[in-house]
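Presented below is the structure to which this report refers.
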Amino acid sequence: MSDVKVKVGILGASGYTGAELVRILAHHAAAEITLLTADRRAGRPFGEVFPHLAHLKLPTMIRIEDADWSMVDVIFCALPHGTTQEVIAGLPGHVKVVDLSADFRLFDAATYKEWYGAEHAAQDLQKEVVYGLTELHREKIKKARVVANPGCYPTPVQLSLVPLLEQKLVHADDIIIDAKSGVTGAGRSPKEGILYAEVTEGIHAYGTGGHRHAPEIEQGLAWAAGQDVVVNFSPHLMPMSRGILESIYVKMTEGTTAEDIQAALEKRYADEPFVRVLPFGTTPQTRHVRGSNYVLIGVVKDRVPGRVIIVAVEDNLVKGASGQAVQNMNVMLGLPETMGLEIEPLFP
Amino acid sequence: MSDVKVKVGILGASGYTGAELVRILAHHAAAEITLLTADRRAGRPFGEVFPHLAHLKLPTMIRIEDADWSMVDVIFCALPHGTTQEVIAGLPGHVKVVDLSADFRLFDAATYKEWYGAEHAAQDLQKEVVYGLTELHREKIKKARVVANPGCYPTPVQLSLVPLLEQKLVHADDIIIDAKSGVTGAGRSPKEGILYAEVTEGIHAYGTGGHRHAPEIEQGLAWAAGQDVVVNFSPHLMPMSRGILESIYVKMTEGTTAEDIQAALEKRYADEPFVRVLPFGTTPQTRHVRGSNYVLIGVVKDRVPGRVIIVAVEDNLVKGASGQAVQNMNVMLGLPETMGLEIEPLFP
Amino acid sequence: MSDVKVKVGILGASGYTGAELVRILAHHAAAEITLLTADRRAGRPFGEVFPHLAHLKLPTMIRIEDADWSMVDVIFCALPHGTTQEVIAGLPGHVKVVDLSADFRLFDAATYKEWYGAEHAAQDLQKEVVYGLTELHREKIKKARVVANPGCYPTPVQLSLVPLLEQKLVHADDIIIDAKSGVTGAGRSPKEGILYAEVTEGIHAYGTGGHRHAPEIEQGLAWAAGQDVVVNFSPHLMPMSRGILESIYVKMTEGTTAEDIQAALEKRYADEPFVRVLPFGTTPQTRHVRGSNYVLIGVVKDRVPGRVIIVAVEDNLVKGASGQAVQNMNVMLGLPETMGLEIEPLFP
Amino acid sequence: MSDVKVKVGILGASGYTGAELVRILAHHAAAEITLLTADRRAGRPFGEVFPHLAHLKLPTMIRIEDADWSMVDVIFCALPHGTTQEVIAGLPGHVKVVDLSADFRLFDAATYKEWYGAEHAAQDLQKEVVYGLTELHREKIKKARVVANPGCYPTPVQLSLVPLLEQKLVHADDIIIDAKSGVTGAGRSPKEGILYAEVTEGIHAYGTGGHRHAPEIEQGLAWAAGQDVVVNFSPHLMPMSRGILESIYVKMTEGTTAEDIQAALEKRYADEPFVRVLPFGTTPQTRHVRGSNYVLIGVVKDRVPGRVIIVAVEDNLVKGASGQAVQNMNVMLGLPETMGLEIEPLFP
């Protein structure tokens, strides 16, 4: 590859996903960070906001209005949900975009409005956006200019169920997803609910029956099933900085066995560098993917006849956000897909 | 009440449930601890094993063979599973027993053998044992000599589902229980899997599809449903010393609404001191029962038509073990049921 | 005692120390809560802010301006530092006050101004205030109308060193206090620095060389030493909701041995219900006082000749705040000092 | 560099430091792992013991007796203390060794015997061993065949104090080191004291006044000071998997200021890739080095005249063990010192 590196900008660099992008891109052989924006912290060095990366040579954070778009080839957009549509719509055409917000994840305008309470502000742009679950939409991502990076919760469940729904191995109308998430999914803005003393040593459900990632999951599963899908999606918040574990309870179609489920997933992901199907009957731990771009999937027999349990884990900040974003960039630019992402999990 | 206190012995006092019994009984107005056994630690003062209670006046721990049963009116048996049957069978008849082990929880000998891999060693005694989920079996407990204290996992789910199954508000053949447990449920004996560095900052499923509490849950639900019940019971281990949260996914019978579920539970537990049904649509946190004997239950609508979500929490060492054991003792002795248990949750 | 209970008001009830006061007073045999104020949350039930106590019968929280002072005999003032002076100065004379803020802890006006950057606003009132470290100032507290409840950090170190300085067993000019604190000491108002993901799995020093509890410590030690004292006080923040551990490094005076230090502390606290000196050479854990009003002190020989190490722990919300406040109320009212405080530590 | 990679063996690969060596060496450009031993787990694949690294291609673990030493150029020895001396003495002369145990860290046989209670079993070999604190002994390490990798605690304190003692900026006879450590320092063998429920949400001192790392610290400081040194070293165990923070309290020599201390450390480490001195008056967090080979040092003024506070952090498994071991290997082999170690900290 040539010595000229891809110039990368990160919009909204002062949040956790911004820091993760910097961590990953710092050792990316074909990219260099040339732009960092952070409105509230403009003018401050990045290392003041994230001292663990203070030794890196990085541009000072500026306000988004002060950005010179000619300096960048690719933008990672890690802005808060809702502010993103106009920013991306206003970018010059030469800039490729991976959007980590939720703003372009829902492809049906009515669904967007139902869940976000406002009209989508860039409906034309939405038409050219590609949904960036890399393993499932790689061919489209190769040609995309704007990729909507999936939400943290939707990634493991789609990787687990899309192959099964495509092959009609499980029923589309009886899907229960019990998710357990770490706290960084809620961002870095101070709120009482994510204070240390409110989170440690306990667990609770939240957004039960009404979390905004539900329609995104349903959209992806509907594409696979070829029919509308409504899921039970029940997230829980637990004391863990990084990580999501999803326990997925599904009913198999007539004649399908748990072993068939295992075989279908193994076959589907045999050549994927970041998705690993564990030996039949074993289940994964979030700790074993911490800091890495891996998704681990385990399949277990259910004692209830006709049912099967799938347990999947990821690091919500890596495969669930910044890691998959870099993976998508690699695909968009024709670079080796694993470039910059060959980072081992940190355990313990 | 008279000044003569009930004499209480604790067999297996050096584990976490033993320490909890001591903590609770230390301020029980009608009971005093006169016997503590702990085989490996016999001869050592209790406060050396549990320094947080070193200021209490307590008998020195002795070996079980050295116990003088005339010293006790009531025994709490917190011995490891499997060793208990012969010990209890050998106690003199004047001694009332609350057994915290699993040895007498399964009332069908074949089921016991299936899950524990050996014949039950005290099948005659089993016939007089009463299952000690206090709120559900209070009348029988009043007359019992030996009570099998429920497992930690079976308590919240039975409290949640028994009234609904009795009234045929939910289907008995489509029950999924996704449980998240703290670490003390695994006891205090050192094992790699419960080391700090192996547990903190992560979560994993374990015993998926084959945990020994499944048959106990099924037994209790079958009693309520009047039919055999097979459940999906999927426990998870998470970084939390105390606490269990169960997310229970069930299908309602024709014509039943989530509001009916709420109403049925509210009515059932209106006068119960330790079971609280939260306002409709809200869900509980394990932190809010830590250290106390409360069970909190929340009912939430499911987006999937015909389904409902119930979330229940307890402290596994209190209502899930030692607290309910004292509650049962109170009932067996005709004492006020809440005596010694008026302990507020410790938050944060 | 008579059936007429003391009427208690809590100003600033929506913080952690407010919740602790409610937890403790809920089972106080001689007191009842008749007033709760919380400006931002006025009009809301207490159980909405602290669901773990939602089952208690409590007055609705009101704004401080709406308080009817004739309803209360005693006020616990848990308002933010700086707002308290005028509130307390404005209370009617029949109301006894235990102030949990820092506003009346420094008895020298110049020192107050140096550390808080403003003139003290109630200097006349300051003159009648008594410093409420119960074990050290009990006689004065008995006659006090207004008690300044000590800070969380100053409590264990004064209990450890005051007897030694009074008896000239240690030098007053070579005192190093390395303190490790849980997070609730920083309150419940959301700030980035106390978010779960910023606190878990790590430790850092803060306020090194300039924490506002330093002058309070120095004041108390100076009273004991009969000379000015300047200490090295270095607090650290660590992942723990409750608890403070202080490692205190001091130089003994000529001829003094570590055993003398042990003996002096044992003698001083032999009859104190809440202060326990551990066996010589052993050190305490914060876990062993969690939720209780105990302070544990351990004395250890230093390998460096002439030096000794003292390690002391408390629960910062109990003996370090609300527990000691209730202890002070008991003393002020002539009630048994331990009333309401006979709560065992919660371990694990 | 040539394509022929250095062949590396890891003895005792099934512990945490073994796993860290694998994590780091997996991406080392000039080394490949050709031998893994683990006595109790011989015959099992490494990925079964450490599932987070199961995707790596690694040799199956064997018993040490079955090792073919001709297969390796370099050995990392991560065996338990005490078993190492004979193993290393028995290795063929072509094998370079980095020993992560304590067996060769103390260069005085009498001191070794005093602290370990037995004669050193390889005193001849000891004479050729080089102490492997890379930044301080680099020139000797270049020529060494056997390097004693420093203990986790001794590393940050020596980096902090050696330059100051060499330049007589601080007194050698008044050094207090209050250390706070994560749990992995105690290894992976199950013990009650490192169970999750015994460690979470609390802190305690241990080995106060008698920890085996004290003589190693004193040895290194004595080399720098040119005189015997006795330190107060007080370690504490806290809920953190990785990380050590040391708060170091020292007295400056006449005429020295805290700013001089800062300048001396800045100058000493200006060109070091892994040691960073923070801006004057700021202190580091363990979280900011997690998973990386960095040591961060902060210098703060003490309110006590003539004293200064130094706070230093490291990841005990990286710079405190396996990272520094690889750094030493690089130096011994003439490779770039940072090779394989360019791993960013993982925060949060």
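Labels for the chains are A, B, C and D, by order of writing; each one numbers its residues from 1.
Just so it is clear, a residue touches a chain if its C-beta (ideal position, glycine included) is under 8 Å from a C-beta of that chain, and two chains touch if they have at least 3 such contacts.
Predicted model, so just to flag it, every value in this text is computed and none were measured.
S.K.: Expressed in steps between touching chains, what is the minimal separation of chain A and chain D?
M.R.: Minimum number of steps from chain A to chain D: 1.
S.K.: If we define chain centres by averaging CA atoms, which chain lands farthest from chain C? Would you check?
M.R.: The most remote chain is A.
S.K.: If you average the Cα atoms of chain A and of chain B to get two centres, how far apart are those centres in Å?
M.R.: Distance between chain centres: 39 Å.
S.K.: Taking the mean of the C-alpha atoms as each chain's centre, how many Å separate chain A from chain C?
M.R.: 46
S.K.: Two or more other chains touching the same residue: where does that happen in chain B?
M.R.: Where chain B meets two or more other chains at a single residue, that happens at 16, 182, 184, 197-198, 200-201, 239, 241-242, 284-285, 287, 290, 348.
S.K.: Classify the chain contact graph as line, ring, star, complete or other.
M.R.: If you draw each chain as a dot and join those that touch, every dot ends up joined to every other.
S.K.: Under the stated contact criterion, what part of chain A meets chain D in this complex?
M.R.: So the residues of chain A touching chain D come out as 16, 19, 23, 26-27, 50-56, 184, 200-201, 241-242, 276, 284-285, 287-292, 294, 342-348.
S.K.: Enumerate the contact residues on chain C facing chain A in the complex.
M.R.: Interface residues on chain C, with respect to chain A: 16, 182-184, 188, 190-192, 194-201, 239, 241.
S.K.: Within their complex, state which residues of chain C touch chain D.
M.R.: Against chain D, chain C makes touches at 176, 178, 180, 182, 197-198, 200-206, 208-210, 214, 230-234, 236, 238-243, 245, 247, 249, 283-287, 290, 298, 300-305, 307, 309, 311, 348.
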